[in-house]
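Shared between the two complexes below is chain A, which has chain B as its partner in the first and chain C in the second.
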Partner chain A sequence: MTSQFGEGDSVQVRLAFPPGHIRTPFYARGKPGVVESYVGNFSNPEELAFGHKDGAKLPLYRVRFRQLDLWPDYQGPEHDSAVLDLYEHWLEPLRAKS
Partner chain B sequence: MAHQRAVHDMGGLEAGSVDAAGHDHAPWEKKIDAIRNLLSQQNYFGVDELRRAIEALGPGVYDDLSYYERWTAAVTRLLQEKGVITTDELGRMMALVEREWQEARKS
Partner chain C sequence: MSDGVHDHDHDHSRTFQPDIEDTPYSTHQLMAEAVERLLIEKGVFTTEALRRQIEIQDSRTPSQGAALVAKAWVDPSFRQHLLDDVNAAADAVGVPAGDIPIRAVENTADLHNVIVCTLCSCYPRQLIGLPPDWYKSRAYRSRMVHEPRAVLAEFGTEIANNIEVRVHDSTADLRFIVLPMRPDGTEQMSEADLAALVSRDCMIGVSVPKGRTA
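After this line comes the complex of A and B, so read on.
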């Protein structure tokens, strides 16, 4: 599988809440960020969690978020950020704000 | 619609203070650590499955159990799921261990 996103791409974490073993933190869902780097392709822990080891390896990215975007009541400086490792199927291109 | 946040996925929630002091592990804690290690080495289950089974303990049980108690419950569940042990074997062994423990306390 080739990676869909590249460094500097604006993305948004999908707003989804499936049951199961999810590595995408609850607090990051629906939030906008910027791709920092493509890490490589890795087995999907969501499927490994049920013992399914033969699935495709999926692109994993480091995505940088502004703390202000993650936490509505954030008191720190505007440039504070956090980097999360996220699989491609949790990301979509950032939609323009309407 | 209120979305269900999984019990372990607590980033951003109030959680009180963290006890960062070092502490010794009880022998049974070292034992379950070793058992988990061995089962993974023998390909019975991986870390993702262990985490899934721990997270599936649900609110209440997850909060009440200690770290290695969660491991013990999750390892047990996975071994049942995979047919390595039967529920009947487990029940009989638990009753036997409890009986022996009670007798050991009396003597």
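After this line comes the complex of A and C, so read on.
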């Protein structure tokens, strides 16, 4: 699987709540961020958790978020950030706000 | 009691400290023990191999990571190697870093990094050993990502507002180690003495190395 996103791309995390072993924290779902780097392809933990070891490997990205985007009540300067490692199927291109 | 001081009315026969086996056995403990026994019975591994793995895990200490940090401080090409590929750089100087990819995140005058695993307890064990209990606590995991400056202050680490605080949440296949800044006034120190300044907490990012006051 080739990686869809590159460094500097604006993305947003899917706002979805499927059951299972999900390694996309709730606090990041639906939030906008910027791809810091593509780190390689890795097995999908959502499949590994149920013993399915032969699934397609997924591109994994380091995605940086502004703390103020993650937490509306964030106490700290604007430049504070958090970086999460997210699999490609949890990311989509950032849509412009209507 | 004959000492006249200890005359309160609790029953000393009941105030012993419980042994770890005295807490109720949880479902997950039972499952883990059952799986362990099955794997041994089926010959997947031996009790000796299991014991050895625990021993190896417990033998890893923060001094290994500290040695890498000190080397990065004195050797610019090693620093670059570490930033490019921690596992390869560590292996090259005889610190086995294993197969899980580790990234070094470098503190600068404008950036302070700190690591957390909000989902469980991912930690650069290969380089700095087992995580402290607080790293696995719900309080640290939930608060470090939401109010990092307050948590850092509780660790005695005040970060000025002009410095960006960047939290790395270890949500997937990478592990992280903070490459702290070399303290001022340490220009004359040997690599070994520098390594002694680099504590576990500095590599998690909840503290920063302090130079020795002359």
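Methods note: the second predicted complex is superposed on the first by the 98 of 98 C-alpha atoms of A that agree within 3 Å, B and C clash if a C-alpha of one lies under 4 Å from a C-alpha of the other, contacts with A are read in each partner's own complex, and residues count from 1 in each chain.
Criterion: a contact is a pair of C-beta atoms (placed from the backbone, for glycine too) under 8 Å apart; a residue touches a chain by one contact, two chains touch by 3 or more.
Keep in mind that this is a model prediction, so the values were computed, not measured.
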item: Larger contact residue set on chain A - chain B or chain C; value: C
item: A:Val39 touches, of chain B and chain C: first, second, both or neither?; value: second
item: Touched partner set for A:Leu91, first chain B, second chain C, both or neither; value: neither
item: Chain B versus chain C as contact partner of A:Leu48, first or second or both or neither; value: first
item: Contacts of A:Leu60 with chain B and chain C, given as first, second, both or neither; value: second
item: Touched partner set for A:Trp71, first chain B, second chain C, both or neither; value: both
item: Partner chain(s) touched by A:Val13 [first = chain B, second = chain C, both, neither]; value: neither
item: Partner chain(s) touched by A:Val83 [first = chain B, second = chain C, both, neither]; value: second
item: On chain A, positions contacted by chain B and by chain C; value: 25, 27, 45, 70-71
item: Chain A partner contacts - residues on chain C that touch it in the complex; value: 101, 118-119, 145-150, 161-162, 164-174
item: Chain A residues within the chain B interface of the complex; value: 17, 19-22, 25-27, 45, 48-51, 53, 70-71
item: Contact footprint of chain A on chain B as seen in their complex; value: 3-6, 9, 11-12, 45-46, 48-49, 51-52, 55, 82
item: Contacting residues of chain A [partner chain C, same complex]; value: 23-25, 27, 39-40, 42, 45, 60, 62, 64, 67, 70-71, 74-77, 79-87
